[in-house]
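Common to both upcoming complexes is chain A, partnered first by chain B, then by chain C.
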Partner chain A sequence: MSYEIAVLTSMSIAILFALSLNLITGFCGQVSLGHAAFYGIGAYVAAMLTKADLALPIALIPAAVMAGLVGVLVGIASLRVRHDFLAITTMGVGFLFVGIVRKQDALGGEIGISGIPSVAFGRPGLLLLALVCMVLFILLSIYIRRSWLGFAFESISDDEDTARTFGIDVSKFKLLAFVVGTAGAGIAGGLYAHHIRFIGPDSFGFVESITVLAMVIVGGIGSIAGVAVAAAVLATLPLWLQFVDDYKLLIYGSLIFITMRFAPTGIAGIVHTLWQKRQAK
Partner chain B sequence: MLAIELVIQGIVQGAIYALIALGLVLVYGLLRILHVAHAALYTLGAYIGVIIVNQGGHIIFATAVAMVAVGFVGIGVYRFAYKPLLDKPPLIALIASIGLFIAAEEIYRIIFGAYGMSFAQPPLQQQIELFKGFHLSTARISVVILSILFIGVLGWLAASTRTGIAWRATVSDAGMAASFGVNIEKVRYINFFIGSALAALAGVMVALLNNLVEPTMGAVPAYKALAIIVLGGLGSVRGTLVASIALGIIESFGTIYLGHVMDRDAIAFTFLIIVLMIRPQGLLTRR
Partner chain C sequence: MSLLEVQNVSIRFGGVDAVRGVSLAVEEQQLLGFIGPNGAGKTTMMRIIMGMVRPQQGSVEFRGKDITQWSVQHRVQLGLALAQQIVKPLHSLTLLDNVALAAGARHMRNPLQAFLNVDRSEARDQARNLLDFVGIGNVNNAFPSEVPLGFIKRMEVARALALEPGLLLLDEPLAGLNQTEARDLADLIASLVTPSRSVLLIEHNIGEVARICSEIYVQENGQRLMQDKAERVMASAALRQAYLGEHKA
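Now for the complex of A and B:
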């Protein structure tokens, strides 16, 4: 039973993490190649706080706030630069996070933080917490998608200048996307730290940023269901196929490449096309 | 004295960055693609160089073979990976390129082993005394000389040959160039060939400097070269060269004076972010 619980916990954390990026990259069209930095910020904040005897559900709040605050900074940066420039800037933020954490003795430096306390009610308790956070974020995503906010995000994603012409406050909505998305990543990070119970700078490097981007892309940029499915599958792929673990990166890399090369709309796009073909018959 | 030493180290490092970033900026200028997988070609060049030298080949022969072979691989990458993506949004090609790069690193690890390779007898290691008390290995000096040489030749090619003119015409307006009879496909092939060959040269040079070739050696240059071409203003060759040298020097000073706060890569990207916040269009380009 404990194995299934661990798998489900990783799955829900991955879904939460991927959907948080989906909000920024999928809904609002702002590429982020450094999303793992916010995951890391959440993980470090939550771990430090629970080590100081705070309960995890409460510690997740400052974790989200801290990640969201840094997210605002990156969001402000995204107002200055666009497209390729933005992609590289966010990538820089990722490297900056790892490079700074590595040198801070207070954060455990290269060695990281170990002995992160377990949650009340143990593993099942953590699973429950992760599930609740995941469901809440899915609901939030659906709500945003259907609301006026989602429309504004989509218009920015399609064509920023046209959106501005129509009187949409582009800067405001971009910042909002970054705040909500990065705060979500912060919560996911806090959960992750208490799931693995050990964190170090290398847990949040560029590879993690790409992994989560792969989930969003393979799922289909912007599609909530597609991204959730892709996150669940990709997060547990190494568990299903034990032999894959050694070639995990090769598979991720190839998957990203093949998806982009042959089906840039991802799972959601493939399902959509198949569905339309069936309807047409 | 320390300052001079740091500047020289920075210039050597900057020359390597320039060789890598030049191929990247050529591709960007022509196709508007951030070609991350470029660094995979750099790693491939390093492997080919080390293997040929260890089989008894001369270093110059090994470098030449690496450059030509990797040049053709570069053309293959364009044909297979980028050409079908040209009409899609640039983000698609960027992400495909990252995927390709990650996969390539893993393939190197599987083929050549995870622990890397070294020269059995590293060539060009004699120390030359530049001035009193300051030594530099032949390898380092050759890096700088070769970079200047190749960049100079490239500049001359672009300025005064028919191919160079066709290349510049394609960069500024591909459709117009095509209507004037420029074979755009051919220009792109040449572009990828030259850029990839320069990356291979940089790979062999780094292999000489560190006497180690690893599957992951491309990771840091891959992202740093992106930072450099962005600093240079994306598409500006002169800006890229200035940014390469500037970044090399800033890193060599930064690791001494800021090393306790952040690591080398973080210093590079801090510089990048600061510059972009002040000048979003890059160091040299005008709006």
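Now for the complex of A and C:
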């Protein structure tokens, strides 16, 4: 039973993490190759606070706030860059995070932080917390998609110059996407730290950023259901098949390439096309 | 006081003077034609008025306010709207939602307001009416990639109208259309002028401009050539010289 709980917890955290990137990249069209940095910020903040005897549900709040604040700074710095330039900038942020953490003794340096306390009610308690956070983020994503905020994000994602001609303050909307998305990654990171109970700088490197990007691309950029399914599957594959974990970058990189080349709308797009064909019959 | 007053604006790109000391005024309830040969700086003027580029000299006033340093979104909120020369539909949205997005622009003045508003029905109703008005109500649910250029041009006009502008800037709306389509769209443009709305029409199709505009502004090589009644402009030797390079006898 504890194995199933661990798998479900991994799935919930991965879905939350992937949906947080989906909000930035899928909804608002801002490519990020450094999303793992915000996952890491949330993990370190939550781990240090729970080691100082704060309960995890409370510690997740400053974890989200800290990740969101750094997200605002990165967002402000990235406002003037687009597309591939934005991707390179955010990739730099990811490397910067790992580089900084490695040199901070207070954060465990190269060795990382171990002995992260378990959550009240143990593994089932952590699963419940992860499920609640995941469901809340799914509901938030659905609400944003239906609101005028989602409409504005969609127009910015499509063509931000045209969005400006509707009177939309593109910078503010892009910043909000960064704040909500990075705060969500911070919460996911806090949960991850207490799931694995050990974190180090390499847990949040480029491979993690590519992994989460693969979840979004394979699921279908912008699709809540598609990204959730892809995140659930891709998060559990390494648990079932050891070689997936050994060749993570190769496999996820290939998945990104294959999806972008042959099915750029991902799982969601394939399902939608099949559904339309069935309706047409 | 004019609705729009552009005074002595200049802008230089690299070594090229795109616009040099140009002044232009649009009055309330006016349809002003804006013509000039290729490279005259017409689109640059439009971009200066919309705030997409900032002039290095001169000022732009709209509704009595100096908006020279204002951002595009603030100018739109004050009552300017633009249908661009190169059509820019949002390809992920239907024609209806392209227009509805503009019709609901007031819900998106800031992210919090946009977050708190969910209902799109009113904006969609308004969009439906506007698409009917511009004559493409029958393709509401088509995507931009599924309709001809003429339809997208009309959608762009509907989208600009949805912003309820006091001044509508149209940048070569007739470009790429056949004679019949151009004539129909020109008739539609002529009907857009109301007591609360003026239109500045940049166009290469001089025949249609002369047909629907009572007054025409002419620009050449980034400088103002003339602004006068349409018939006087059309009869002037300066205009022929600007377009055909004719020399005076």
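Heads up, the rule we're going with is that the second predicted complex is superposed on the first by the 274 of 281 C-alpha atoms of A that agree within 3 Å, B and C clash if a C-alpha of one lies under 4 Å from a C-alpha of the other, contacts with A are read in each partner's own complex, and residues count from 1 in each chain.
We adopt the following convention: a contact is a pair of C-beta atoms (placed from the backbone, for glycine too) under 8 Å apart; a residue touches a chain by one contact, two chains touch by 3 or more.
This one's a predicted model, so the numbers in the text were calculated from it and none came from an experiment.
Asks: Name the contact category of A:Arg102: first (chain B only), second (chain C only), both, or neither.
Replies: first
Asks: I'd like to know which partner A:Asp161 touches here: chain B for first, chain C for second, both or neither.
Replies: In the superposition, A:Asp161 touches chain C alone.
Asks: For the three-chain arrangement built by superposition, which of chain B and chain C touches the greater number of chain A residues?
Replies: Touching more of chain A: B.
Asks: Looking at the overlay, what does A:Ala120 touch: chain B (first), chain C (second), both, or neither?
Replies: neither
Asks: Tell me which partner A:Gly253 touches in the superposition: chain B (first), chain C (second), both or neither.
Replies: Touch partner of A:Gly253: chain B, not chain C.
Asks: State whether A:Val93 touches chain B only (first), chain C only (second), both chains, or neither.
Replies: Touch partner of A:Val93: chain B, not chain C.
Asks: Of all the chain A residues, which ones make contact with chain B and with chain C?
Replies: Common to the two interfaces on chain A: nothing.
Asks: Chain C touches which residues of chain A in the complex?
Replies: So the residues of chain A in touch with chain C come to 143-144, 146-149, 151-152, 154-155, 157-159, 161-162, 164-170, 172-173, 176.
Asks: What does chain A use to touch chain B in their complex?
Replies: Contacts found on chain A: 31, 33, 77, 80-81, 83-85, 87-89, 91-93, 95-96, 98-100, 102-103, 206-207, 210, 213-214, 217, 247, 249-250, 252-261, 264.
Asks: Could you please specify the touching residues of chain B with respect to chain A in the complex?
Replies: Where chain B meets chain A, its residues are 32, 34, 81, 84-85, 88, 90-96, 98-107, 110, 219, 223, 226-227, 230, 234, 259-270, 272-273, 276-277, 280.
Asks: Can you check the complex and tell me which residues of chain C touch chain A?
Replies: Touch residues, chain C against chain A: 50, 52, 71-74, 76-77, 81-82, 84, 88, 90-93, 97, 101-102, 104-105, 107-111, 113-118, 120, 163.
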